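Labels A, B and C are assigned to the chains in the order they are written; within every chain, residues are numbered from 1.
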Amino acid sequence: MTNTKTLAGALLLTTSFGSMAMAQTELTMWYHGGGNEVESAIITQIVDDFNAGQADWMVTVESFPQGSYNDSVVAGALAGNLPCILDVDGPVMPNWAWAGYMQPLPISDAAIEGHLESTIGRWGGEVYSVGLWEAAVALYARQSTLDELGLRTPTLDSPWTLEEFMGALEAAKASGKYEYAFDPGMAWTGEWYPYAFSPFLQSFGGDIVDRSTYQTADGVLNGDAGLAFGAWWQSLFTEGYAPGTSQDPADRDTGFIDGKYAFSWNGNWAGVATLDGGVEDVVFLPAPDFGNGSVIGAGSWQFGASGTCAHPEGVAAFVEHALQDKYLAAFSDGIGLIPSTTEGAALTANYNAGGALEPFFGLSEAQALVRPVSPGYVVAAKVFEKALADIANGADVADTLDAAVDEIDADIERNGGYGH
Amino acid sequence: MASKLTTSNRAGWGFALPGFGLITLFIVVPFFFAFFLSLTNQRLISPNPTEFVGLDNYSNLLSIRVLSIEPVVNDAGDIVRDADGNPEYPRVRDFTRNNPDYPQYDGMREWFRWHSGETAKVVVATDVVFWKSLRNTLMFVLVVAPVQGTLALGLALLINQRLRGINIYRAIYFMPVVVSIVVVSLLWRFLYAEEGLLNNILGALSFGMFEGRDWLGDPDTALGAIEAMSIWQAVGFHMVIWLSGLQTISPTLYEASSIEGASKWQTFRYVTWPGLRNTAILVLIVITMQAFALFAQVDIMTSGGPLDSTTTVVHQTVVRGYGKQDISGASTISVILFLLVLSISLIQRYLTREK
Amino acid sequence: MAAVNADNHGLRLVTRYVVLTLIAIIFIFPLIFMMVSSLKPDLQLLRDTSSVRAFLPVGDISLNNYTAAFSRAPVGLFVFNSVLVTGATVVLSLFLCSMAAFSFVFLNWQGRDLLLSVIIATLIVPFETIAIPLLLLVSKLPWIGFDGLSFGWLNSYRVQIIPWIADGLTVFLFVQFFKDLPRELIEASRVEGATWWQIYRRVVMPLSGPVLATAAILKFLVMYNQYLWPLIVVQEETYRPVLVGLQYFFQLNTAWGEIMAYLTVITLPVLAFYLVLQRAFIASIASTGVKG
């Protein structure tokens, strides 16, 4: 009982202090960093600096764990209970914008000039969200592995071809030194599948939906390129090159470091852990070119204004404040993300010229392709994820992709074309 | 006389109303709302207006047909055969995709097939995943309900004895229940892994004869693995229910049977079991309900895979309602599940009625 | 002759304990794994999972994971929230559900069978299937608080408690138990002029120790392990319960050691609750004197 009283007292105290702080208009922000101490510390710093630096707005942060963040926002929107400032994952933004959960962000062009294009969320010709960072995926390998197997080191200008890539996997398999040649990361279910694997499909020449109209997936997901991709994808598992959907999540985290896998398809966020894990000769190789150029996914977390927010200009002021290079660098140093500007990158420990993770900045600039910019992406991504899991588990490629196309098309139709 | 003593509309309603009112407001009303949604095209997220679509959602889920496919015939009129001498058949997608001759099969997919002579009989459905989830759920119920109920009774009898330290065992048997199913599922993923503990133990016990299996990655074993874990996790729960039933049996009955010189089995058969009637009905119904609601284990351990071999009806409602934003489709599944379980419990009730 | 009997008895006793212990091992090993793992650094923890070392506190043992877990998330607050919500719900649930069951079993009144059928039927509605309609409902419900009438129950303890108080399973549990109580007792009390409230309070409840303990444990488990519901109705950390808090530990590079530490911490209140309630069982077993 005493405990409750103290708690209530403490709450009362904080609120009264809060309301005493002048005539600043309060803006609540939802952020996905719950449980990430470093990230929370940086965001708190940014908010504190902002609140102290001007007299109009007072931002307060409510943190959510990332894994359930989207569900919380959707529930909040259904119940009519959204904050002013929303944190949104890049590919999800069009869905929320279309549904009215978000409104255009009145940010000046000058503030976003020179930022990586994929960190700016546009829908219907307007800017809805802006991100402080980007993420990139690379093929992790050891230099010693490449040397032992006699493999050419691929570069941005001259990535591996399909034959070279499969040759590398075959060589690694034949060496008998690895449990599996290639770890695509099947244990990471969810958005990882479309984010990490749809670029393979795009490199084959296919896509999740037809980006010329966004009205159908027919012909791009199950066309010749899609079928070729599917057959290749299935062969990774049937030929024993890669661990399947039942991969132990622990192996996903440590398998490459422990030497169980020769190559690992992983994001820049794992770079520091890999170096710390004792893999000093790790190299970050660009995605192979399967015929239609090398592609990696793009679009990370961004800030925007919720649809019910009465002060979008306050949100814009906060976002402009947060876009300072020193904060971009702080996020990068803290949690390993790629800053959205070259100037920001220069301030970082890992992405400056010669930094350990510099290759990722190049990858982001050269190969990044955002996921389909459509409100329908959210559903298409789930369908794509299941199709890839099924194909990996031996389902018929053509039937599975056909079924995926039917489901995506039916969803687009049920939603009246998603406003394209 | 007795009935008059116990008849009172005012007291009856007064005692029942608070609980019944809450149940109505927080379960019955939302359920009727879900039923209403199943007749519309409501999306979880959408600026588009909601439209009434009648029974479309139901027919999308339930449409199922049998397609007869004749073997491929070459120019000479002979059946084309593969190396093993089995006839070759045209692909199902030739009939179900953009084929104006077979409009009734449009958009359907193969669920399974059997052969009648040289003709292949293919069962096709618009929503194969839903049918698979229905099959998996029924399989789960059919295995888990009897096995878990029986094991729980065995444990309850074992634990219902006066023995020094029995309370420690009682606490231990109940422990898996105490830990959240979410936690338990996470832990068992480690055990079931290809390089995991279960394979290593089986390998050691069989002196290396047993080759490791990918328990959760193989469509043949995944559902069984989840069943085994679920039985293990919740058996203590039902043990406790049986135990509270055992304690209501009057000790004088046991004394009487021991004076009559009854064997242990006879005591169980003629004293214990009849005394457990109401408990048995309770356990049976609760296990069945819980088994039909199977979700968390599947979500954490397999996400319904591999190849839909572990997806369940409730898992499908969540996948569709939240993941795919199809709240009307998910509501339709809820209604179908409700009707299905309702008919099963009516049957159960008929079979266990007091004769 | 007597000696042989004693030997036999001793052997049977040993067999009994061996059987009980073997079964106990089957039930406890994942929990040992959890607790032991909570003491290990991540890399070692993951490497140990494939061998017996998973169950042994060997290698680099420390409480670091606990320190880290407590600094990553407000663990104490989450546990406090869960215990508060669970405790309140269990108490109210036992009260209202036993009252309803009492009425269904011992009283005759119009509409009784229909109401009971409706309640039993709600047993077959999995919560996941009504979560969204329920969310829309509670976001509009009125509430009278210190600051007058307001609408919407989100972000509160009440939204986590009130919808869960009454449920079909608990009512059903009491109904099945009350059916086994001697009805003559009730009728005798009526003849003596006792009110229904007195019969409920003085006659039936004192006999209901075992079922109260059972219902309390089952309800406690359901409430303590709430995930989907608080996830969608609580947006402020202040009211978050333990399983939603678990999500704090699933980051890009999952901290398994901290997860194990967190899981161990949040399991303790349930264990404590069960051990306390177990005394109710022990008491009733002692009084019935069931022999093994």
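Rule of thumb we're sticking to: a contact is a pair of C-beta atoms (placed from the backbone, for glycine too) under 8 Å apart; a residue touches a chain by one contact, two chains touch by 3 or more.
Predicted model only: the values in this text are computed from it and were never measured.
Enquirer: Would you mind checking which chain's C-alpha centre is most distant from the centre of chain B?
Expert: When every chain centre is compared against chain B, the largest gap points to A.
Enquirer: By the contact definition above, name the pair with the higher C-beta contact count: B-C or A-B.
Expert: Higher contact count goes to B-C.
Enquirer: What's the distance between the Cα centroids of chain A and chain C, rounded to whole Å?
Expert: One centre to the other, that is 38 Å.
Enquirer: Suppose each chain is reduced to the average of its Cα coordinates; what separation in Å results between chain B and chain C?
Expert: 22
Enquirer: Could you tell me the distance, in whole angstrom, between the mean C-alpha positions of chain A and chain B?
Expert: About 35 Å, centre to centre.
Enquirer: Indicate the residues of chain C shared as contacts by at least two other chains.
Expert: Expected reply: 49, 132, 136.
Enquirer: In chain B, which residues are in touch with two or more of the other chains?
Expert: Expected reply: 44, 190, 193, 195-196.
Enquirer: Which residue numbers or ranges of chain A touch two or more of the other chains?
Expert: 71, 78, 248-250, in rising order.
Enquirer: Using the touch definition from the top, list the residues of chain A that touch chain C in their complex.
Expert: Result: residues 3, 11, 30, 34-37, 62-68, 71-72, 75-76, 78-81, 248-250, 253-254, 258, 267, 269-270, 273, 277 of chain A touch chain C.
Enquirer: What residues on chain B touch chain A, complex-wise?
Expert: Those residues of chain B that touch chain A are 41, 43-48, 91-93, 97, 107, 109-110, 128, 189-190, 193-196, 214-219, 302-303, 305-308, 319, 322-326.
Enquirer: Sort out for me which residues of chain C touch chain A in the complex.
Expert: 42-43, 46-47, 49, 71-73, 80, 132, 135-136, 138-139, 152, 154-155, 231-233, 235-238, 244-245, 247-254, 256
Enquirer: List the residues on chain C that touch chain B in their complex, please.
Expert: My answer: residues 16-17, 19-21, 23-24, 26-28, 30-31, 33-34, 49-51, 54, 96-97, 99-100, 102-104, 106-112, 115, 118-130, 132-134, 136-137, 162-169, 171-173, 176-177, 179-180, 183, 186-187, 190-191, 196, 200, 210-211, 213-214, 217-218, 221, 224-225, 227, 243, 246, 259, 263, 266-267, 270-271, 274-275, 278, 281-282, 284-285, 288-292.
Enquirer: In their complex, what parts of chain B are in touch with chain C?
Expert: Within the complex, chain B contacts chain C at residues 2-3, 5-9, 11-16, 18-31, 33-34, 37, 44, 155, 158, 160-163, 166-167, 169-184, 186-188, 190-191, 193, 195-197, 200, 232, 236-237, 240-241, 243-244, 246-251, 254, 278-279, 281-282, 285-286, 289, 292-293, 295, 314, 317-318, 321, 327, 330-331, 333-334, 337-338, 341-342, 345.
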